[in-house]
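Chain naming follows the written order as A, B, C and D, and within any one chain the residues start at number 1.
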């Protein structure tokens, strides 16, 4: 009998999972649930291929971790069987705490972040598996002595990031975001318990940082993607308000619990966790579909906009928007939709997006020079330019065209 | 300003749609709805990458049609601008009548087929667009004089099939199903109003037929895929029965209408069509999720099985299953689940799947020999072997293992 | 320091070779020589991308062998370190005895086959490496007890074939020839010392056999490819005759030795082997280039034809060519080139090409059924059709058109 | 009958060439000759896949030109049939003047550059084709009024560069060098007779510039690639000196002419051009092979080094090498090879390599802002960092290890 299970993966060809605890965890309902959570939220409205899931991403990150462990071992780093399994579990479960639409609704549906939820869910699994996830949790929390294991799970060059850039680039079809993950992984090494990259991999790193920047502006912060995300957040918040006011349409039971209770109150946590693992993208999509014909103007506008893809207009510019410009827009919207200026104002969102190509403050990439010295990337000769920010200000507001109206009437 | 809209496509790189009626149709809610309908139903439970949608498939088929039209024109076939637009519209809308989970629930949710629904929806659009879809509808129904235009929409080598084999192979990661669509398209020609393929494309055709067969057995009829499909049909039917009996959990309004009314009664059609275009995969997924804890044993077993991926066991064999074998299985299931034999019997499904590599009866592929003669593939020397059937009998029934129980308890 | 050397490979991404004897062998001049021997001879005249070399193929086959060994080990087959290295060496060197233009000139330049020369050259290396190639040679000759190791080097599913189909398909751009090598390799298993393939890999095997057939007719036996090969053989034979008659143009010293001596005389072997490893595609290309202006009509016609790509016309048909047809062609050529009929006759080549999709006589593929039984593919239900021959007769002769004349005048 | 000829291309799938003058030119011996000229010289010694030719590159650049012309036309730019054909001819022939090993031996074998030779050869063809290349030559020389046509042939975003980056990245397997050529081409536009790129293509441009830089340092200036190139130049120069001294081994006749005559003397040009189009990589490879056993120490060391791949060691550093370091190396080499210090000095080469990511001085990329303004990339907000140089100093000298000696003894 085979000792492993094979998953087809358009990105890597095949992903192999050994039978044993890793495969058992994959079969857990709490993990299978990730099949119903899109990796990049509403991005499919802009990039129609981007329907990939957190489930596939988790398997992909596991796959890359296996490759990285093989490389490190072949270069003489000692990693025992338990550690290998533990780091694989930690990678597999690193995103377990993601809910519907992943980052888009993070902190909105439940007032905590996904890492914290991942940890809670891992601990629940650990009880079921009689402590066999102890080491994985320790690595996940960066409490395990061999620090480089945590760096594979979370860091500038972790396997999570390596997979999501790869996978998001693949499924969106934005080939500029493709990274040379195999080359980067082949250049990894452990020196003094630290994950470093051999000097000859420097161009792959440069390419990796540029690709990441491109993915941000061409995908994650693409104006239509960001617009849909802002609309989604506003729609959910509005639906919640209306629900809490006691009216509103059909909502699934677990979603009601999330709307009613706060995570900051410790007494709620068990119930919230229980509810949380029952909701996924489908609950939110049904909420939006139900509200395409809502009596509430704002909720109706947002829901039908998201369902029929009549997205708000989002404009980027290098400088903050002037008060005049905003006021003018407010007036136009008020006229167009025959609503008050105050109300129009609530349909105009402004903000700032910023990307850092490489943040030397946070978590350096360490280069192993041919001489044997280890140098942080920010100090590596000729790399100054990569420490560079891009800032854009945005204004987002309802479109004012026939189509929009057609959409809202449907 | 650009005269066309570009969509990124992982399969073809870019898909370009000219501004005008084609792009306007893409923006219609009834077309946007295809974004919420998976191309291959529950296949993602077996091939986790297969989350692609009917929306992307329709765009892909349109893209291939554009390529084919260019090839045919470059070989001297006259196709005027209106005809080009019409055949593009027909291809774009050929699957408009698909509902939740596409083929899996075809005929189950609404008692007619998707082609008929496509036609009805095209006719509705035609009214909105003041008759501008007349020629497209004529081509779709094969009433247009230039018969080869219909062959591009529906036939042995139509652009629909070309795209779905391509796309399903790509997203499942089953590379054996990849076809040489570009070479086939370059070999197309029109002779006497008939779509033919040049002789030197014969190996591409052979490869195409084998790839199609492989896609059937490795994907569309894969035992876990078929099992999930049978479970889905059974779950929806059971949920419908329970609903009609007046009980049951949360169901969306339009789904209720589909459950209550029959298409065969002409009076219902307007209401059914209105409801039909409001439902999609999310309605069905929520129905299943709601019923993970149903009081009805069968519905609970099926719903939790689909949601937590505890699929029924499906066994294929070359001969029909014997009554003894079925009886024995019935008894085991009755024991395992402590239910009656009669009830167990209703959880055992048997059937036959058959594929024909190439059906010479139905719709021949015509080869243009170097001599100028046109020969149907079934008469083409050395091609006998491709007319070959594969038949498999299946038995499908609940798994009897701990995991299954664990699943149902969660 | 790294323990292995990485080669970039467009086909597999990276090929890793461990430092040690494998890497040392790669650096041997006799192996480096394979960089100067095209994998598929004159095929680049038809498929301009097909400039890949025996060197890269040997590395590729080694890469696949490494993958296969990992799969087999993971399924419980015991293969010790020495055996692994030995089978890798055997695969790496299996084509060492190929000379200029590989198969095209096999038996022409030296009157023995490439396997025999591979063995001689491996034995020479074995002396230099003090017997460290003993086991590799034993596996290569199928004398080693664990028979399945030889099957990886030479058999229906060997790593040589797997790589060359893959690589030739990749570089020619004939995507129809692509095989699912990774899936096939993942399905390999050893049962009773025999290499078998798991039943669920049956579609990959089917695809593999069809892809192989396609590669034969679309590439290896493509009419322009075969024509160039026949011309090359005729040109070299003619140049040899002229050289042995004491005249002729510039020829490299080692090539002279090959022209003068016969391998069947044992006394010549040392000198022939010494000369053989010094010649490569460049010697033959220079021979052709030198003879573009030869005084000998036939040699001039062939050389200029190959250099300026004015290939002979090659016609395939299902039946042998009639004497009438051949006579008529002879007369046309005699007229066109103003030569005698006897001479014209020598410029007309006829022959037969036959491919067997799967030869059950020679070397069966063994299927491991789910039941545990092992069944040869030819007995496997539903596989009858794959045992099928394709036969084509060809006639090849000089083109009679202006271009040809223009070419010969240049 | 088909109106065009199809070439398979692993990079783009298919390249289509219309019958007519373009296809006739492809069949010219002077163009077919490009099949025997490697695109990237000795790079295959480092990247074994890099055996692609100038022939395939020329076809590839033609393919991209066709795509670009379609895009520009669809955006309203008027380009008549003659202009289209002319720009295609200019692109197809832009590298016609390349000789053996392309850039590596440019200026070495014949004392002029390849552009000048391309022009001479185009003019010769123009005579044969009775002036039908007039417009193509005018575009090539940038004398044609519609300036943007020349920009497609030669400029920051020309189709030559687009193809070679693409193709070299593909065949070397250095995926970091992959560029989004299809997206860039789709973003091209003509404004006021100037080739510009739409603002939303800015990330593709950024990626393009980074990819180009990576290709320089990872491929074109890779230390082993540069070492082989320096060795090749030194070997050819040395062989020429020895030949001119009246001794030396077998050399092809046309190569002798190149060694003997100078292009700067106008009387020689006809003979030189005649000789030039007869030589290719094979003449040089045979020259090296002949000299593996030369009596001349330097020529023997270089020739055997290139043939057996014992490359000189090349060290890069950010600062110029000190005199001390060079002297020390000189002494070591003198000792190791038992030669004089003066002679050793001639085996040590030093130099500087510099790349400019984007040279705003030379030839700007022009961005078409959403506002309609055209801004040079160097003035485009946030793009400062791309104007950045990388400088490396190198020292290159014979290796001093056993292998080297082993190599020279073979």
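The working rule: a contact is a pair of C-beta atoms (placed from the backbone, for glycine too) under 8 Å apart; a residue touches a chain by one contact, two chains touch by 3 or more.
Just so it is clear, the model here is predicted, and its values are computed rather than measured.
Ranking every chain by how far its Cα centroid lies from the centroid of chain D, the top place goes to B. The interface with the greater count of contacting C-beta pairs, when A-C is set against A-D, is A-D.
Chain A and chain B, compared by their mean Cα positions, are separated by 31 Å. Averaged C-alpha coordinates put the centre of chain A at 50 Å from the centre of chain C. Centre to centre, using the average C-alpha position, chain A and chain D are separated by 43 Å.
Within chain B, the positions touching two or more other chains are listed as 13-14, 175, 183.
Residue ranges of chain A in contact with chain B, taken from their complex: 7-11, 13-14, 27, 29, 32, 35-36, 44-45, 47-49, 51-53, 55-56, 59, 170-175, 250, 252, 278, 280-283, 285-286, 289-290, 307-309, 403, 407, 410. By the touch rule above, chain D contacts chain A in their complex via residues 175-176, 178, 180, 183, 203-204, 206-207, 210-211, 213-214, 217-218, 318, 381-382, 385, 388, 390. Contacts from chain D toward chain B in the complex involve residues 2-4, 6, 13-14, 16, 74-76, 182-183, 186.
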